[in-house]
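There are structures below to look over.
Two complexes are shown next, each including chain A; its partner changes from chain B in the first to chain C in the second.
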Partner chain A sequence: MDTVVQTLVNALMQSSFVALMAVGLVLIFGVMRVINFAHGEFYMAGAYVVFWLYAQHELPFFAAVVAAMIIVGIIGLIIEQLLFKPMRENPLGGLIMSIGVLFILQVLAAVIFGVGLMKHIPPLYPGATPLFGMDGVSVPWQRLVAFGIAVVLLIGFWLFLKRTRLGWALRACAQDREAAALQGMSINKLALLAMGLGAGMAGAAGAIMAPLVRVYPYIGGPVIVTAFIVIIVGGIGSLEGAVLAAVLYTFFHTFVATYLDGTIASILGLLLMLLVLTVRPAGLLGKGEKV
Partner chain B sequence: MTGGGLTALLAVFCALPFLVALYRLDILIFMLINVILAVSYRFLTLAGEFSLGHVVMMGVGAYGSALATKEAGLSVWLAAPLAAAFTGLLALLLAFPLFRMKGFYFLIGSFAAGEAIRLSWNRFRDPFGGPGGIVFIPSPEIPLPVLGMVDIAADPIAYYFFTLAIVVITIVVFYRLERSRFGLTLHAIHWQDVLAESVGVHIWWYKTFALVLASAFAGLAGGLLGHYLGTVNPTQFNLHIMLFVLVWVIVGGTRTIAGPIIGVVVLTVVDQGLRSLDEWRPLFYGAILILTVMFLPHGLESLPRRAREWWEWARHRRQPPVSDDEEPPESDRPPPQDA
Partner chain C sequence: MGKKGLTRRQFTGTAAAAAGAVAASSFGAPYVAQGAEKVVKLGFLGPLTGEVAGWALPGRNACLIWADQVNAGGGIKIGDDNYMVEIVSYDNEYLADKSLIGAKKLVLEDDVKLVLMLGGTDAPAAVQFFTKQKMLSTTLLPSDLTPDTLYHLAPAEVHPLYNVTGVEWLAENRPELKTAAICAQDDELGWPSVATYLAAFEAAGIDVVYNKYFDIATTDFAPVVTAMLAENPDIVCLDTAYPDFVNLLCEQLFLQDYKGQIISCTLDFYGRIIEKTSTEFLEGLIFQFPDFDDPAMNEPHINFENPNEFFVNYNERFPDAWSAVTWEYPAIAEMWRLAAEKAGSVEPMAVFASLKEGGRGPHVFGDADWWGEELWGIDNALVGNWPVVQIQNGKATIVEYRNIIDWWNKHGELLKKHTAEQG
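Our next item is the complex of A and B:
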């Protein structure tokens, strides 16, 4: 019983940061029709910002997280302005650009911070707390902090999309670019906003996870694969679908990993994605769209 | 390219192993194997779909051939073609789910299928050896009159020429096929798939055949790699390597069969030039990729034509004439499905 509850808790904590990654990826795809392969590298960049400011320069952890969001968001803006914008009419162009960005960001991280050792960042709140009064169930404080930040960001993002005019514009643009442009919305400005927000959230995901994992230049790889599975299963272009799929998939993955084996869990996840693509390409909550 | 040019090129490739230091022969052999990989990959993209599973297909050939020789005791000469055929068969099976998808979905679907296969090698130690892979794979041997059985993988020059022969066969096969009715139909599917379907082309079969053939050749390349190195492991076929293949093909250009060959050769040379900058190398790959897509969308292969146009423009300050063999502009393409 304890193991089951513990696994549930672990999965819930994990799903928050996966959702943060997936939502940004979906937003960027929705507005710009670009599949951002470098999204995992944004995550990596966020983790390195925390390493640099919090572990090396001893800034407060929360300031480092905010800085990670801003810095990675700015990286996203630069990439949009320089690389994605000229490729607007070429569906594969943006994707190829993002592959180039992926190589460049990995090398920059390796050169600036060194490849040799994985960076360990001391957690802000060491130790763990028992949950639900059960002895076998505990969660590290740091994970709880990460979960809290992720949930706050997701709710803030959701409110932004639903309650503000800019948020409406973003959703309109994601639904139908041409119609949005005809209504006088600037696609280029909205694309900048989407890229800034998407990259910023990926940076935040990396920042909050940094003390929980070992940081090295290639941590983005497994993360982007998970994010791809999640956005496909959720229905690409659907933000609610991405969050729902993030929770469902992480629960599935965590349970299989706990009771069987991590690699088997990943294989099953990939096969699940293949199945969704074959049988219901629109995903859980996606609109009917020809694949 | 003219016949004379091709002969000259072949002469250069025949002379090459005698001009470089022995340790560089390894690099030349890998380059030739990569040419097979890139040329077959381009054939797959003719119908307009980009796959992220091609390198795993190479791995299927490498693992298949390694297991057939080590476990079943087959001769390399039988095992490698069998493994290539098996790779094609696997591609045929994968075509059923994969070709229900297009564009980005195909890209991700092919990645999912490939990565699932690759992770299985990692996970199942029993036949595949886990993360360490398979070691001590037998080398190909040929019986010679006086010398007896000669191990050609032990002599890089012999293996170089052996690989070169297979590269030439590969290029001839794909070149002829592209010029055939089959290849022209693939082009038609690329530009106007709905139209092609409406005049009675069974798109699925054409795409599937392209995938099966390209995968079989990738499998053959894998066999060549495995029997030369004597070892295969899952990291040799991961997404990073696949992205490198994508870079070769896109930087070289996909319009003609020369493109991927140029891409592989030029980037191998650049890569060797950057040996001293070890960890910076992927950065140059990324930068070259981005610059190519921005300024030479048809790849290095189109450089002579573009250079001529730039020169015309610089001399006469006028817009260069659009050459006749230019691709239809973006706007003539069918709109993307998601628009």
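Our next item is the complex of A and C:
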């Protein structure tokens, strides 16, 4: 019983950061129509910002997380302005640019921080607490913090999209760019906003996970694969679908990894994606290209 | 044009500079001997970057200290000549193809007389080239050895054979421990180590209740640890895993409130693990690699000059970077120096013959035998004593030296059986 509950806890904690990654990826795709392969590198950049500010320069952890969001968000803005925007009308341009950005960010991280020895990022809150007095089930404090930050960011983002004029504009642009433009909305400005928000959320995901994972220049690889599976299962373009799929996929993967093994979990995860696509080609909540 | 063109140029320039910097960094800058009339070059071919760098970079750095010490002492005495030492390194990123390129560069362009390697993934093609060139090379992983690798030696480490000493010590000193769970990374480092631990646990009468590999792309170790702890083992065995993995596995064991015995092949940068967990949590953990400031390193059978001083020097020059393998590469280099001086030549085959003379050699932890025919088909591994190390009050402490051959003579068939089963 304890093992089942511990696995549930592990999966719940993991799903929050996966959802944060996937939502940003969906937003960028929805508004800009760019399959952003560099999204994992935004996650990596967020982790390095925390390493640099929190672990090396002793800035408070939460301040480092906010800084990571802002810095990575700005990186996203620069990339949109310099690389994606000129390629707006080229269907493959953004994709190719994002692959280039992926390599450039990896190389920059390697040159700036090195790739030799593991980056040491001590957790702000070491240790764990038993879950509701169950001695066999523990909830690590640092993961709880990461979970809390991720949930707050997701709720905040959802409220922004649903309750603000800018949020409505983003959703409108994602549904139909031409119609949105005819209504006087600036596609370029909305794309800039989407890129900044999406990159910032990926940066936040990397920042909150930094004390819990290996931080190295290629950390974005496994993360982006998971994020792609999640947004495909959820329905490309659907934010609600991305969150739902993040939870379902992470629970599935964590349980299989615990009771069978991690390699089988990855294989079955891909099969699950194929199954969902066979039964529901648009994904779980995919309806056209709605955000 | 203006802004857009300039931006692209700037961006392209930045990318090119970054790519150039990376390309340049893959060719480790050679250590240049100062004021040398005659110079002998030793090659270092290993992963100086990437996730395996923890088992090569500290060793390369230690070789630089060794070279400084040798040169400061007048160099290597060959007949009437003194040779200054130069270390030429090549970062193979633990890739076989880059390793072969590096091997050719070191031998054909740099004219090195010895190549120090970590071994494993990066070894086969390079070692085949060394054999054809009659170049002396060394490994820390004797699983590289085959009847065809004639001049490839394992003179310092016999991974994973020495892991049996930790299990044997544990069984004798903590007989109440009856079950073990093993997790291992799914690669050529993990497989033979699992076979060794399985044999050692069976020989010690300890039941293995969990034994699974994890993918080396694993980022979240919580499920791995949850699965192991579900079996309620008395011992958790981390097998041979990359330094980062050991760090994260220990952290997860701590977070999931494990209070039992831990055994691991390595425990690199254990100070950082203590910082993430606690001194109490790591207390009693058994592994196989000592710090060289350990008092037991001053025992008379140790063949390493001033190990305590070396440890201090290393930590002053490369703070917080002592890893399991730091001492092994300079130990091999020193063994090579003694053999070269004895042979009166730095030429690879002359030194090779000098090293193997009499079937015994000065291993760091005591004189040992050139051995391995029974296991690898060639007697190119120097096997003898190995330390069992325990974390005591937050510090790695040698609790005993044990003889690997003694264990083999009693339980060798078990190891052969498990090695065959692991494929």
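General remarks:
FYI, the second predicted complex is superposed on the first by the 284 of 291 C-alpha atoms of A that agree within 3 Å, B and C clash if a C-alpha of one lies under 4 Å from a C-alpha of the other, contacts with A are read in each partner's own complex, and residues count from 1 in each chain.
In the analysis below, a residue touches a chain if its C-beta (ideal position, glycine included) is under 8 Å from a C-beta of that chain, and two chains touch if they have at least 3 such contacts.
The structure presented is a predicted model; accordingly, all values stated were derived computationally and were not measured.
Applying the stated contact rule after C-alpha superposition, one finds that A:188 touches neither chain B nor chain C.
Applying the stated contact rule after C-alpha superposition, one finds that A:104 touches each of chain B and chain C. Touch criterion met: A:281 reaches chain B, while chain C stays clear of it. When the two complexes are overlaid on their common chain A, residue A:266 makes contact with chain B and with chain C alike.
Once the two complexes are overlaid on the shared chain, A:86 sits against chain B and chain C alike. In the superposition on chain A, A:127 makes contact with chain C only, while chain B stays out of contact range.
The intersection of chain A residues touching chain B with those touching chain C, taken from the two complexes, comprises 83, 86, 100, 104, 107-108, 110-111, 115, 221, 261, 263, 266.
On the chain C side of its complex with chain A, the touching residues are 4, 7-8, 11, 14-15, 18-19, 21-22, 25, 48-51, 53-54, 57, 186, 212-215, 217-220, 222-224, 226-227, 229-230, 243-244, 247-248, 254-257, 269, 272, 275-278, 321. Here chain B touches chain A in the complex through residues 50, 97, 100-105, 107-109, 111-113, 115-116, 119-120, 122-123, 239-240, 243, 246-247, 250, 279-283, 285-287, 289-290, 293-294, 330, 336-339, going by the rule given at the top. Residue ranges of chain A in contact with chain B, taken from their complex: 33, 35, 83, 86-87, 89-93, 95-97, 99-104, 106-108, 110-111, 115, 177-178, 221, 225, 228-229, 232, 261, 263-264, 266-267, 270-271, 273-275, 277-278, 281, 289-291. Contacts from chain A toward chain C in the complex involve residues 2-3, 6-7, 10, 13-14, 82-83, 86, 100, 104, 107-108, 110-111, 114-118, 120, 122-123, 126-128, 130, 135-136, 138, 140, 143, 213-214, 216, 219, 221-223, 254, 257-259, 261-263, 265-266.
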